[in-house]
């Protein structure tokens, strides 16, 4: 027994608490508070704003407006263009990144001499911040000084330098290529980890069974990477839908609205027009679309069912 | 005609040679076991037969046809892997039929072949499952099913039983033997387990350091090992080795060491008296006898009754040997013991070259 | 390392205590947010900070550079969530938004009691005032003008720079030769291009906002957009990259000899002078006049105070920028024009002919449109609307309609 004089010291009391099962909850408390503070509160606050008129430049204009912003979106042509562009941009970028990532991962998985250095080189684009990558490619594709234009003219593909981002027919494609270059290492890295977990014996067995390279890819590699691919695609889609920075630097959504996407539109609405109500509504729509996408995708790829790799 | 001929096959990785000119012939319907400790080159040899590894030299013929330039799928072989290598995302049925599927066999025919194989292996009720939902023994059967459904010229087994527990291993060993007798297809089987080698093989190649130490039928390997390595690798408990000398005596040639005097069978060859030799005696060739019949005299060190027999460790001079004696052996520690050896069962080895000496 | 529970608790308590000690700052340190980025801008800024601190011992200025494109996002976040700086740079185009979000502190009394006020004519204060209250002290001005290649003009047999839009168009036709990769006019239609679109609209007689109400004259605006976009679409006197060309691209085009004329302000004089010779190769001229009005912007930029905490020191700092020495330090370093009339009398300006066009422009130049939401409307509506005309996605009429609707929404 402890002496009664020291019993009521706060530290002593804490010490005794630490012997009980409530201690566990007490230890969890800080992270719980952090999560509520930095994730739950801003999310809910953002959703609440989408039902209010909130323009930073109109302090007087404040109040609940119900679904006004959502109704406004319905008749906002830029919203629909941005929605379409988002779908096209994200889909094209993901498909390219997945293909390039698989190619790179397969090459790196071969353990040939020099693959270690090659692995680091392949990952380099991903280490570049979006902003740096954006400015770098803006220069590479520059209509006057661009190295890529120079190369294409020398090779004979182009007659004169092309202003890739000035033509609505090429602007979105060009930004997709830049994004694919920037994002494919993410897939390469995850897929490489996935490939490493596929036993070599499966390929040996397949070779004896008579499966060629494409059959091995289709029937062994891809099915076994399904979970990794699904996780990577979801993460990447979320990342792409939510990050406007590359497009902000390369095109600013232009020319016209040719490369306008939802995230950029929300960003511009919030920080150029200071219309936080409408911008929040746009963000909520993105949030809902992403939730639906993720749920549908998980269901389609059936990765939650226990049919997997042991 | 030989199903498999391996002719002076070599393998090196860079400057490291892992196989030095291996020659093996396997008769039609034979069961060749490649036996040896890990790193002896047995798996490499198997992979070269399968076409999963390139040869650095020599030739491999399957059914009289050189296969070194053929892809694995064109060698008319089927292989069972240590890890089973079942495709996790496919059902058992598709796993078994995969080889046929890849060869463009139509679905009906495939189904029939898979059903036959499944019945033979008693796994018909598992066809819809996935490998993850099977026990180790069931996976093993599926892996074999995948091999036999193709009806190849040659089966290759790469340590197929090493991932199973002891009881299942015995069961599956019997199963493989039954399968071989029933199908009659030639098999090359890699293992480091000498019991598997002895029970299954019609021909055993004991390998070490990329060389074949001995290639013979199991009985010869057991009774007349070519060298000390083979002698000690095969048999459990291992063969007893006693260093000593050959000496002449009135009754003929004898092996003599401290506490040991064994009469040697009359040989055809000239005996080099007084040379140092190593006597090899299997534990079961030792019998407890009366003092005057003894050729080995020693002191009991440990007595271990196992049920069907009793293992007795005996101190003979400086050496310790093990004798496998009847179950009701009554000796006790520190008591003297007298053992007799059948001269026909002993082996002599050269202490320097460790090779067998025939006299 | 294994800690027992007691050590863990004691350590946590100690850390919590330690956290209270830091964080306090010297009483007379003030922060300053700005969007200077180039080497020359930063050097000038550091010089001004140096001379300020020499004159005001005990006040330390901590400057923070924020990229121009992120400036308003950062400032509005600071207003929304706290964390305002003591002082901040305020350019005319952003003044209305900044005061509307209550980001600036009313400086009227201090300005009225300040002896330097007399150096600044009334129009310097107009752009930095709202409802009669002054919120920032003018520091420098961006005076819009035109840079042109004197050698190309001579080669094409042109006597001098165009003074009216029709002369401008005529010159454009003569100066363009796609076979040489040469275009007359470096049109800016990428980021920031809205500025000149609005200028042209006003030059064709369409106001933008009157008395806080949308006032675009549709017919005049359509005429203006047609004229301006035709330079690209029909006349083809503009590089094909124009729809995405921003500041960097039009400057590159001019410096590399691809274009013969660009519209910009005095701030790029140093950069262009570094690439080619004043007089022989390039010269400056006032912007050409439109059919209805002669439009060129004179945008006074100043510095405001964003919070009360260190207001005395902050006032010392923002008013320091109004002094002639500070203004001329900036002019010499960057080419930014002084806002102070006193500084304009300096021989370094009056004695240099390249500045004549700017001094001329000061006489007729207009302040930028100054209404709440101007920045958002310009960037989010005018820019894409005009770009879509250039790329053939919409007609000038459609673009003007979009601008009108966007303006109504912005002002509603």
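Letters A, B and C mark the chains as written, and numbering starts fresh at 1 in each.
The rule is short, and it goes like this: a residue touches a chain if its C-beta (ideal position, glycine included) is under 8 Å from a C-beta of that chain, and two chains touch if they have at least 3 such contacts.
Not measured: the values here are computed from a predicted model.
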Most central chain, Cα average position: A
Chain pair that, of all pairs, has the most C-beta pairs in contact: A-C
Centroid spacing, where centroids are CA-atom means, of chain B and chain C in whole angstrom: 88
Euclidean distance of C-alpha centroids - chain A vs chain C, Å: 34
Chain A and chain B, separation of their C-alpha mean positions in angstrom: 57
Chain A-touching residues of chain C, taken from the complex the two chains share: 5-6, 9-10, 69, 72-73, 76, 79-80, 96-97, 100-102, 181, 189-191, 239-245, 249, 252-253, 256, 258, 372-373, 375-377, 379-380, 383-385, 387-388, 390-391, 393-394, 410
Residues on chain B engaged by chain A in the complex (per definition of touch): 50-52, 71-73, 77-79, 81-83, 85, 87-90, 98-99, 102-103, 130-132, 146
Sites on chain A touched by chain B in the complex: 199, 201-202, 204-211, 215, 219-220, 223-224, 226, 307-310
Residue ranges of chain A touching chain C (in the complex, touch as defined): 11, 14-15, 18, 56-59, 78, 142-145, 160, 163, 165-168, 171, 248, 251-258, 260, 268-275
